[in-house]
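Think of it as A, B and C in the order they're written, each chain with its own count starting at 1.
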């Protein structure tokens, strides 16, 4: 499993664009928001946690279709399926490398982009924490979606349609943590629920993803 | 004989063919009677006036929107466990009916909401949950349409239905949580079934029965169509194979 | 471990393509599959590899002992030859044998990116993977495609000396004479009849 993660990370670095594109997209969405809603600092402060979370979610979505597609096209996925590594571990490894290349950069860049939206100072630690806890769920759910659509030629759009409704709980709890943190309210409730959703996806999604991969490789 | 005998497509068609007109007929009768009774022979609500009468469309369709998904979940599980083709096709057939029910519930909700709350749409937990349910239906149908091999499509959509059910339930609680968070103590409660009086209740029951029957009739009809399509495909494949051989 | 196949039927796209197959492949021996295109060679190998379930019949001794090589080699352009082999060895919990590069004439290419290799060289890299996975039964689907005569000989030597000679076995779908002393299984007689049972479309006819 570690071998697979290491290989995917190496490939992401060598192919270039792995880290950069998602981040650039995140930045662009954040820059566009004030153009749409106006530059008033107070208004931006109010919507900042939600916008940051929605933008993070969209940029995580952007790279999902590459999780399995490349391995499927060149035959590696078939070979991995016959290897001693169970497909559940393959799915988990894929989710981990997606998180490292697409999720972790968002956690790091999130606060920097918070400045652009005049995020409340008290919200910063909670934004970072909620992204840190929530983005793994985005990668795991996305891995399941990518496994579902791996055999399809134009699966990208379908992938978004399938995955976005599954992101609703993570988005709600994640943005709620950041918002409450900024307003100085208690964050424990949504934080625990967010962690619960992530734990649940860690436990379930690799199995679901392996099931659909088996079907798609048949 | 066991219930699983009906999982054979031919047996299913033979058994359901005479039933479908009856379901449609009964659905029609109970809906006509229930709606006329509800619309014209019940008093206006003292608070909501005659707008309350949309309840006879709103509540049954909302109920069926959820039950259609539950039926799809059960049918998907049966397909995954027992590999009965009819089960998978019934799930496929129910999805568009479920979409229609969800849309009726959303639209009647909006029509009701406008005079009551002064807005066509509010991000009320229940309305929001239905909107999310609608998205789940869309994804499910889109996945069926995207995959050409019928067995692969049945497997993948069944798993999506299972995973989707978990997340739909989760979203329901998340949305409740989220809305509470927005405006403390929601002032707009949609809980009205509990407080409807008997005069409203009896025609409502009749309308619900009508919607259930209509749902069954539509799903049976659509399942038969899906079986027919699948049969055509199988026959075409066989013809092509024999051509190659000859 | 002997690979035993009894009364096997396999399906592709909802249709049974081969039925009634029975054969044994003992350690140290190979079996060559022959048959026209579309007869089901790939389907049979995929079934033996466990990628798809058989329609009926039994497969014994496959499971965790097989390694499968398909038409596509699963080669990543951005990895070097050495890294590719090291990756697969790690996935299978094996070490890369030092002489594997010479066996497939990859010695000079060790540090080249796979993306810069010719298709024949890529194929050699793909086949070299079979030398690092440590599996006893190889399932090979047209292994010699895009190889020149010399490379075919290299591969035949590898199979004979390093694999079969060490007690391994192989099922090979190929049209090229590999010079192996192996029985040939002609698949045409096992082609399923048009009305063969078991395909998933059967219920609808």
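The rule we apply is simple: a contact is a pair of C-beta atoms (placed from the backbone, for glycine too) under 8 Å apart; a residue touches a chain by one contact, two chains touch by 3 or more.
None of these values were measured; they are calculated from a predicted model.
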item	value
Per Cα centroids, the chain farthest from chain B	C
Contact-richer chain pair [B-C vs A-C]	A-C
Chain occupying the middle, per Cα centroid	A
Approximate Å spacing (C-alpha centroids) for the pair chain A, chain B	31
Distance between the centres, which are taken as Cα means, of chain C and chain B, whole angstrom	48
Centre distance in Å when chain A and chain C are each reduced to the mean of their C-alpha atoms	37
Multi-partner residues of chain A (each touching 2 or more other chains)	218
Interface residues, chain B side, partner chain C - complex	8-9, 85, 149-151, 227, 230-231, 233-235, 237-238, 241-242, 244-245
Chain B partner contacts - residues on chain C that touch it in the complex	13-15, 38, 194, 200-205
Touching residues on chain C, where the partner in the complex is chain A	49-53, 64, 66-76, 78-79, 83, 87-88, 90-93, 129, 133
Residues of chain A defined as touching chain B within the complex	144, 148-149, 151-152, 154-155, 158, 161-162, 164-166, 168-169, 172-173, 176, 179-180, 189-190, 193, 197, 204-205, 208, 211-212, 215-216, 218
For the chain B and chain A complex, residues of the former touching the latter	132, 135-136, 138-139, 142-143, 146-147, 152, 155-156, 159-160, 162-164, 166-168, 170-171, 173-175, 177-178, 181
